[in-house]
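In this document, chain identifiers A, B and C correspond to the written order of the chains, with residue numbering beginning at 1 in each.
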């Protein structure tokens, strides 16, 4: 983990424009605020470009996407490309329906993504690998490293494949993260908030691989730290403690 | 309570497709995850049928419904009927406006519901009984048993009328549940999450009446157990503890 | 603080119709419930007028507004004006994009607002003052008193300018509130929920200035009280304790 990246986020408090799903908006906003970023969330196509121009980074998450939101996503993504700020894609449940596949095809055609983050089933679907999925969740992990590399090379992006071990790949180099905790799978948006934290880390200086690895490693370490807290007795009591822990210093998480 | 039903949910982790209101999405998803189900939430009409086909059950809740969401609800409901999986209706606030009455009329005409759940005011409105309501909440309870029976018989469904005592009726047999806690009325979505838990229980084997009764009885017992916890000092601190308690075994709730 | 106003809210449990942003719906509903009000949230234009007629007050918050929601906001606002119930405007992020400025212009033209609440950047934008903003947050506070007076006089309303010190102005008289806690800025919707509490207080008897001041002072005192609680270790654990504290008596907050 590169602590310099965390420090930079906390000093700069980057403004991240979210076009994300309705289920996780509150959790994502509070998680990013605790981590040190500044969330903004809006889906009106008329202002999507303006908002992206104000922002330091853009996150696009298709968890509850409807047809009429796709144009706003494309507009925000293009504005981010034009301005040269990072834009992250979270292709939630892309393997579940042909509607989602079409949405993702459009997004990938119109926007250059700095990073793409998903579970093995979602990321595999972007490169023609079919893994077993259950709703929006992956069942198996397949060969995450191969999938990550293929996504990174195909879309000239940093690929983050989440799972029991997370794989981060920039097309050439692969990094594995082993921090994390299974309770995150019991919290809706456990992956979606990571997309937001990742976008914030990508607004700092440093290499893309380092930024993405730091985001994932810090996020997992925070979850593990929170899960071990005496106040946590389940996924419900985990959430507030986890949000607290996202504002921690790395050394506190190790304690 | 039939513990076999709970055990079956926890082994199978049924995928429940929610077309539900924006206020309660996060709470519902986290509550169902803790209970043992797998939530998915999406409202795009183009994928509503596909999602229902992937799912083990469908929940339709009209709490914040807009005109353009009704078609997705109907499509998901019809797909559930076709596939033979349970589909539950929560007619939130149906007595409040003629718009809601029209939406519910359409849904009841197009979809065969396995169960319908609401407070006495909402359920009464489905069979022409007008009770006093306040926004989306019932004020009086009227004759819940008669209402439940009428709803069950009219719509050939299992009727769940919530209140200080909950009434579950399949048209022939009536069961009364007395678990529960008044603090649930101070948490938004206290009824909506029950709809999700109910849908999950309906995906198991066993009689409909037994499934519905178990869902309601377990939900109320979890709420009472959480409310008596030392960490709970109001409706705010109740929420995380309640979500934790939804993953409990029945014997833990009695302890 | 006028405790009579709080008592009246808690006895009457006013029904507040919210046309508010997706990020804060759950937090707002739970906060208002704890405070003593009854939330309802709906955005369908066909029922917006009916809902407002049922309600005791209406809150319009443009945090995630889309074009197709503006008509519902106007309809609800006009119905409130016609019925003679309070209607509050929260012009979230109005300085950020021209889309938002246009939405607010329409709302201010069609609806007479009982109160308008925002940070200095938002409130300044309503009277042609440009302050530095960051997304939807104000950076500086400018001359809050002058801005408040100008908003109050221009729109014949009670102006509430939030900040380190909150300014409440009815065009003639100014009141300053100093309760509050910086942690509120780390919780998404910290300002939005205040709009809901303010609307509830405006449904009581008493002067507008007194009602608005009481809402703001009580809200800030609740936040400070919660923040000092032993269970609070960050913005995550603050939220449930804060919601609890919104149901407190004034003397408990001072303890």
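The rule is short, and it goes like this: contacts are C-beta pairs under 8 Å (C-beta built on N, C-alpha and C of every residue); 3 or more make two chains touch, one makes a residue touch a chain.
This is a predicted model, so every value here is computed, not measured.
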| item | value |
| --- | --- |
| Chain contact topology (line, ring, star, complete or other) | complete |
| Fraction-based call for subunit C against subunit B, same above half, different below | different |
| Centre distance in Å when subunit B and subunit C are each reduced to the mean of their C-alpha atoms | 32 |
| Subunit A: positions in contact with at least two other chains | 22, 25-26, 231, 239-240 |
| Subunit B residues within the subunit C interface of the complex | 21-27, 63-67, 93, 96-100, 134-137, 186-189, 231, 233-237, 239-240 |
| In the complex with subunit C, residue positions of subunit A that touch it | 13, 15, 17, 22, 25-26, 29-30, 33-34, 38-44, 46-47, 50-51, 54-55, 231, 239-247 |
